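Look at the two complexes coming up: chain A is in both, with chain B in one and chain C in the other.
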Partner chain A sequence: MPITENKLWRRHTPAGSLIRWVGWLLAVALLVQCWDILNENTIWDFVYDAPAQAADLIGRMFPPRWSVLPSLWSPLWDTINMATLGTLLGVLLGTPVAFLAARNTTPSAAFIRPLALTVIVSSRSINALIWALLLVTVLGPGVLAGIVAIGLRSIGFVGKLLYEAIEEVDNKQVEAIEATGATGPQRLIYAIVPQIMPAFAGIVVYRWDINIRESAVLGLVGAGGIGLQLNASVSRLAWPEVTVIFAAILVTVFISEWVSAQVRQRII
Partner chain B sequence: MRDVARWSPPPLIRNPWLRYGLYLGGAVYLALAVGTLHINWARLALGLERGWAFVSAFGHPNIVTHWREIEEGFIESLTMTVVATAAGVAISLPVGLGAARNLAPMPVYLLCRGIIAISRTFPEIIVAILFVKMFGFGPLAGVATLAFATIGFMAKLLAEDIEDIDATQMEAIRATGASPMQIINYGVQPQVMARFIGLSVYRLDINFRESAVIGIVGAGGIGATLNTSFERYEFDTAAAILLAIIGIVMATEYASSLIRGRLR
Partner chain C sequence: MLTIAGLTKRYAGKHAANSDLALDNVDLVVPKGQLMALIGPSGAGKSTLIRCVNRLVEPSAGRVVLDGSEVTGIGGGALRRARRRMGMIFQEYALVERLTVMENVLSGRLGYVGFWASWARRFPAADIAEAFRLLDRVGLLGLADKRADELSGGQRQRVGICRALIQNPGLLLVDEPTASLDPKTSRQIMRLLVELCAERDLAAIVNIHDVALAQMFVPRIVGLRAGRVVFDGAPDALTPDMLTTIYGEEDWSATIRPVDDDSGDDDA
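So, the complex of A and B:
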């Protein structure tokens, strides 16, 4: 028997195909519209010039001026401190928020849980650089603004991952502890905390690794660390120095990533 | 009864030497770090007053005075997000296919993994500085930055997904005499497509958040407006912009979790 058109296998029903087709059409229309807006706001002469600019930039970045390296140790130390102390602050503030947000530990699912979730979302939606921008105007430029910015940003990350870990604990252990007549705090310490400890350590080290990355650029808005040096060099158009600073940032990021991967491998 | 030692929960780090060594190292580091902080207390006291002004500005956010700039900034941010995500996802497809060890030959694999590594190493804001130098101020530099970051993110996750697929389905398609393109189309794509679309939606969400930042270095979007409002100490406008960002992020996050939930 010859294969006729209507015997051919099709993945979707005609209605399903139509919905999909309309969906793609809308997506493409949106994209074209967006491209139009973008097109209006772009000076294309600068863009045609881009390859030449890039070549020029690379030409100026090499050879790197390695002599600035000794003056980078102190900002690098500041950067690492910002990341570490900021992580500490974020963990100190984020852990209670996580316990308040987890369904099985929150004191009130109707009032306190939504509040804690709002704190987590607000902290997560605002980038560390914006927090830093804000805190530099409030606290003045310096390492402290960076620490607080990193801390505030970390609350959401630590809070979200930790409350998910708390909600996933094995409930049998909690029930076993409760059966011994444990009080509320004892239930937390003996049933829940031991179960989330490995996840907690992993989250902290992971966030520290991300924070090293973020604190390296916080100086761009005046919050101390090696980013401040980067900003100064970029403003003076001292590209050979910029190359050295990039290299320093990359090496620091690689080391922190390696440390974090090692620690997480050991405990998880 | 014999005097029994009180039971205590087992510690996370078993080896006592390592455990106490880490405590000691941590304490020494903390003392050193706090010792080199250099806090300017006079400036801080001044700042607390300003901080309070800022916090209270959240009580009366002002979106009216600079409505034109805010509107322009948000439209620019959203267009940057859409275009950059589309471009980044489109480019990440071939890169991701090339970075999957079970599909690509060694040279292609190494090349694509190299592209991913470069894209993931540099923080967005640094990439933005370079693109602003190359393309000039404006949203196109922002689009290039976000697309560049999207490539690394999407291609890495796509490659990992492809490496985890069920190889028997691919073999079954190959056994019918399919060409390499057909193998990818019928043996690989159905297995990874749902997650790929989910990740694209997630990346859209991330790109909007990032688009609010890269404006600080001149790459267009709401970040530039926000930066200006901070520099003019117009805390009520800044508060309005921040609240709007949080609102949009919450909405996109909710929408993206809804879409990803339906795809699963």
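So, the complex of A and C:
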């Protein structure tokens, strides 16, 4: 049948347009409401004063007291070790969890998968700083609490990203290995592990990179490393030392960022 | 060799009424050493049929008997031992892309090797010798340590053939071996398959889209339409009328024109 009149075409149906319009309206209303609450809870005199305060603080931070630098090497090394060992712990525990959580490798989608997902979610929902706060109470202050805190936080990160990678593998390769008469575990190591290796390496170095940054602040709650030093200096209002500590953290993070970029580039 | 009786596969649809009947009461006997082509339109059930034979797809009803022993209804170790005697070759090669050629070939022995030995890639010396012999036979001896994703399509399919043959099977299940290859490579691969089956007295079921290619190489052709066997005979018996029965109305004069063989160039 020939088309005799010009047909109208619109991206959304009239009902769809209305829903979108109401959605935008609600979003704007929410924004206005939030601003209102923020306004009520802010003492604006302090805010107007902020530039002067900031200038004053920066003034007190300079010149940096570089003489403290030699005493920072040891806590800095602690921080790096805390991040590395914590990452190792997270990877060791997170990898099996990922295989239990992935739809295509879980032994039981009804029981074990939800359990593994719960482990992942609970690990992810609690910040490393909170983990450290709890663990310092349990294990006492020091590097061990930091390592365990970093490890517990990393389980969820590694578990989530890795199980997504496992679910995205090419199933034809798995079928081909299955067709040879291979057992389930053999299918895992021959068809799935080779496919997720680049993702795995990327995830591990990325998490290590994040953990370096996180472990630098864990000392604030007593979990050892450079953060402890930072806390001490801030408490004594020794701002020129704080500047040096900031610089040390910055350089460390730069280096870890560079290392992780290199590793990812090599492997993928 | 292989007896298929009353094989039926019904894929579960959203409603019981329109669930999809992929195979409808198929009876087939493939004697030892016979090469059989399975032709038919897309969705006729060719792939489902050979996947029901090695139980990558679970049949809804019917029996598959290989060398006198039942393949349907078994599980676990018995199924894996049955699969060892059936080599499968795939349309898109289904090699494990990030493993080497040698690892891919040796993965055909996974059904015979324990978990830790296969994990450490410590295959019996006889398996390794056989792998080299097979690679030499298909002309890929120099590529043993190349990664699978570095190979061309024709080379990958040769590796796929080696992986199936090292299982020392009695039956090959070949799913569209040439659909991803250019016409010349397609012929070379088909010729290689025919030769290898003759050398080792292997039975084979070859799913193939290319009717002319099937007629050129295979002594028995089975036509499948909507899950039923509608033709079973020699290539010569495949008349235009018969092709209309299998595929539907079309001008078939060009398709069954005899194709001259370009033997002598095996260099892809």
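The criterion applied here is as follows: the second predicted complex is superposed on the first by the 247 of 268 C-alpha atoms of A that agree within 3 Å, B and C clash if a C-alpha of one lies under 4 Å from a C-alpha of the other, contacts with A are read in each partner's own complex, and residues count from 1 in each chain.
Methods note: a residue touches a chain if its C-beta (ideal position, glycine included) is under 8 Å from a C-beta of that chain, and two chains touch if they have at least 3 such contacts.
Everything numeric in this text was worked out from a predicted model, so none of it was measured.
Using the contact criterion defined above for the overlaid structures, shared-chain residue A:Y190 touches chain B and also reaches chain C. In the superposed model, A:L139 makes contact with chain B only, not with chain C. By the touch criterion defined above, A:L129 reaches chain B but does not reach chain C.
With both structures placed on the common chain, the touch criterion links A:L162 to neither chain B nor chain C.
When the shared chain is aligned, no partner comes close enough to touch A:L89: not chain B, not chain C. More residues of chain A lie in contact with B than with the other chain of the pair chain B and chain C. In the superposed model, A:E175 makes contact with chain C only, not with chain B. Applying the stated touch rule to the two superposed structures, the overlap between the chain B and chain C interfaces on chain A comprises residues 189-190, 194, 197-198. Those residues of chain A that touch chain B in the shared complex are 30-31, 34-35, 37-38, 41-43, 46-47, 50, 53-54, 57, 77-78, 81, 84-85, 121-122, 124-127, 129-130, 133-134, 137-140, 142-144, 189-190, 194, 197-198, 201, 213-214, 216-217, 220-221, 230, 234, 246, 249-250, 253, 267. Residue ranges of chain B in contact with chain A, taken from their complex: 9-10, 12, 29, 33-34, 36-40, 43-44, 46-47, 50-51, 54, 75-76, 78-80, 82-83, 86, 121-123, 125-126, 129-130, 133-136, 138-140, 143, 209-210, 212-213, 216-217, 220, 223, 226-227, 230-231, 233, 238, 242, 245-246, 249-250, 253. Residue ranges on chain A touching chain C, taken from their complex, read 170, 172-173, 175-183, 185-186, 189-191, 194-195, 197-198.
Those residues of chain C that touch chain A in the shared complex are 54, 56, 80-84, 86-88, 90, 92, 94-99, 103, 107-112, 115, 118-119, 160, 163, 167, 173.
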